[in-house]
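Across the two complexes that follow, chain A remains constant while its partner is chain B and subsequently chain C.
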Partner chain A sequence: MSDFLSMYSVQHWLESCPQGYLVGTEFGHPPGESESELIVSDPLLREQAIGTTVQLVVGERCALAASSGLINSAPDEASKRFLATQTLDEARHVEIFTQRLFDLGLKKSELESAIEQYANPNLMKFAEVLLEKVDRKDFVAGVVGQNVVLEGMAFSVFEMMYAGSQTLNPKFAHTLSGTIADERRHVGFGENRIGSLIQEHPEKKPAIERMQKEMSYYMLATFADSFRNNPAREEFKKLRMSTSGAPKAEWHGADLNALEPEEMESLLADTVLKEFKVRLGRIGIEYQTPIRP
Partner chain B sequence: MERGTRDEAADVHALEPEAFLEEVHSFEFWFQSVQGYLAGLSFGHRPDVHGAPLAPDERERLVTVLCNYCVGETAALEGASGLVAIAPNRLTKVFLATQVADEGRHLEVLLHRLAELGIPAPESEIERRASRSLLHFKRRLRELVESRDWEAAIFAQNVILEAMEFTVFQSHARTADLVTREVLQGIVKDERRHIGFGENELGRRLQASPHIRARIGEVKKELDHWVLESFEETLREIGVPNEERPELGRSYLEVVARLGFA
Partner chain C sequence: MSTDPLLRHDDLQEAVPRQRFLLEDTGFDEVPPKYRRFYRKWRGPGDALAANEVICPVCKVVIRSTRELRPGDRVYCMPCMSRLVVVRAEDGGLEARVAY
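Showing the complex of A and B:
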């Protein structure tokens, strides 16, 4: 275990993240880049971007609370130190997505009320299920919930957003690329560290499987709320048409610019659930199919 | 504002109070700060720096001291991570997250130094050599954090513990072997930032709600004994002469006194 954990040391993190892919960035993107004019100048698209970014802030606030909260229940020093780096990664994500809200024109004094207004109730429930495990100092369930379920979801969501933003909004795509690299490390730790702990504590499996099923349901409900009955649907169509001739926004074999919102929801949900199944299998947890909202 | 190019002292202190806090509590500020002194280091020291071999009794004393530094840094890591949950706003949460990573780094570089000194299983060695008074302090700090008493916990963590570490590490760095010196000097630079946060946060709260002072005074009274006892033990191990010890004790107490706790 100690050899594997040396890959997750603070020194390794310093060299690969702050002194690696973040060098020369400012709030996660190259200095001087700004939000796409198409989004900032269209009230409906701007509001849509604010709403989406609020979900990212809510998710990252949950991840910050969970990773810092898990440090005191970690069973060994090396895990504590990895979670210390993850805590700072999550705080950085909170900061850069909050900064995006300001870049989209939100005033600092409006931040908390905007979060209250736009935060998806299903995403809040998703966070509650995880934070309840963290509060109980249940390290194994907490790491599965945080580093496999939450981070696995974030990884796919960010990847899809990255693919969709590369042409339309390079600044946001660049912001996302650093977070994707971070999430990859977090998911890797979850998979590698937790497998042996599950073997030591098989009695924890049923509760963890219930947690995964519950969190997965709230995740799917959040996706459904975001993609269905979207008031900006027509605006998005216009936006996509404005990029005709631009390179395809490819993700998992589909051109995101050519998909209807329901098709995007389905692609995202299926991708995340498939990843869950594979990752949970690796740590000895049986994937539980959630109810579809 | 590009990283690493800004004249920090010129910019930051010219900001309005709210903008100042927004700036100094951010990841961006943390990154600019540490980049200056951590770039090119491996586990807290330049890779090509090697300490001269230590005499057996020197090595033995250094191992005991480093083990106790690890206890202090573990207390700081657990304290700071617990404080994230009770921090009152976004900016303090982000600052504390930078502190969590700093404390994790301190623990790592100290454990690595122990390994360099030939300690194969630092965790059991730490348990064996840990000072009773420091362990008591660690337990009490955790209780304060778990009781969600923000002011008392910040006082114990970012004023008392950080000031104690700052004073001891600074003093030890003057006489330590080259490798240990570089490791400690890097930690001291972080501690300065942590103490600044504690003083600023608590200072503003004391100004706005003077009634907090009595409660913090009680915490100080309770912890002083354990702090000064572990202070004395460590200074003895690092070979600080008797006549210099009261001076160092005073400089620790001065930090606490700046907040009006004599």
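Showing the complex of A and C:
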């Protein structure tokens, strides 16, 4: 118990992840699985799926830059090794979500222009706030921003997308399942390592609280842009109706197939903010309520 | 390191013996094989926990021991590598708190 840092080893990561839940997978899912025909064959749904996946690629590129950037500012060898494994996890996430864009029909030559076209400006701002802390080699703020705020958000977003994809798109659900398993380690590191470090650096709390408030605002603005005024709203209704009789897509007590986009936004935002509050409270940081866009 | 997530437990020092549980693999694959039966996925609000189970508040996985859990027990969540202490919750059940 006292030697908990010893668990942050490459060996443990190898046995759990590449030799564990990723065995036999190809870009995160069993070989041979493909995207739902319903999505690929419908231009509006396909474009919506590309837009959503671009946000995942952007978020994961930020996580890759942050986790690799934090390695040299980590105060101990075990944390450096953990962040090295997290860096590989994040690189894998960038790769599997990029592969999904190709599976949805995007050409390799179109990748960067599609990212430029669809990347949400608020998500880019969210990333900038975090990467500024990483660039300053502020390990405590960087890990709170990366492993508590960013990963905490990703954990809930992936879980919701997983619940919504299990019936409609098993291939994507399987891809997400491995990323959720990775996120468990990342949020665990964030809480456990920072929970002890923050006690040694209480002077860092005000700046971290401001960062959390700012990142939370940009996160909510990203959610708002994604769910409100959605041009594929009618298409989604069609998609939901096609699943009538299928098992409910349950997440936090709600059936995602029965929710309007605004209701989904509200459920996701409230869930993530509640999680932030609880997680930050556990490590001794006072949650700051963000402005609602 | 013991494979059971219940840490430093000595049956002989307890007046009331603990109930024992036989654990089966539930398909949880996020930890190395020899630890897998000690964890399972939480199925949401309707998922009832047995006397040997507690939810990890950090990663939401259900931690399972071969012994009944009691307040004061220290348990380890391998999927997120958190050290936890079992406490009595307001509703009378057991919950885990993170120990930093």
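Methods note: the second predicted complex is superposed on the first by the 291 of 293 C-alpha atoms of A that agree within 3 Å, B and C clash if a C-alpha of one lies under 4 Å from a C-alpha of the other, contacts with A are read in each partner's own complex, and residues count from 1 in each chain.
By our rule, a contact is a pair of C-beta atoms (placed from the backbone, for glycine too) under 8 Å apart; a residue touches a chain by one contact, two chains touch by 3 or more.
Just so we're clear, the structure is a prediction, and the values are computed from it rather than from any experiment.
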Figure out whether A:P31 sits in contact with chain B (first) or chain C (second), or with both, or with neither. first
Between chain B and chain C, the one with more contact residues on chain A is chain B
Pick one for A:Y8: touches chain B only (first), chain C only (second), both, or neither. second
Which of the two partners, first being chain B and second being chain C, lies in contact with A:L64: first, second, both, or neither? first
Partner chain(s) touched by A:E250 [first = chain B, second = chain C, both, neither]: second
Examine A:N72 and indicate which partner it touches, taking first as chain B and second as chain C; both and neither are also allowed. first
With the two complexes superposed on chain A, say which partner A:T85 touches: chain B (first), chain C (second), both, or neither. first
With both complexes superposed on chain A, which partner does A:Q117 reach: first (chain B), second (chain C), both or neither? neither
Residue overlap on chain A between the chain B contact set and the chain C contact set? 19
Per the touch rule above, chain C residues touching chain A in the complex are 7-8, 29-33, 44-45, 57-59, 61, 74, 76-83, 98, 100
The chain A residues in contact with chain B across the complex are 9-11, 14, 18-19, 22-27, 31, 64-65, 68-69, 71-72, 76-77, 80-81, 83-85, 87-88, 90-92, 94-95, 98, 108, 111
If you look only at chain A, which of its residues touch chain C in the complex? 1, 4, 7-8, 12, 15-16, 19-21, 181, 184-185, 187-189, 191-192, 195-196, 199, 250, 252-253, 278-279, 282-283
Provide the residue numbers of chain B that touch chain A in the complex, in ascending order. 1-3, 22, 26-28, 30-31, 34-35, 38-39, 42-43, 74, 77-78, 81-82, 84-85, 90, 93-94, 96-98, 100-101, 103-105, 107-108, 111, 123, 142
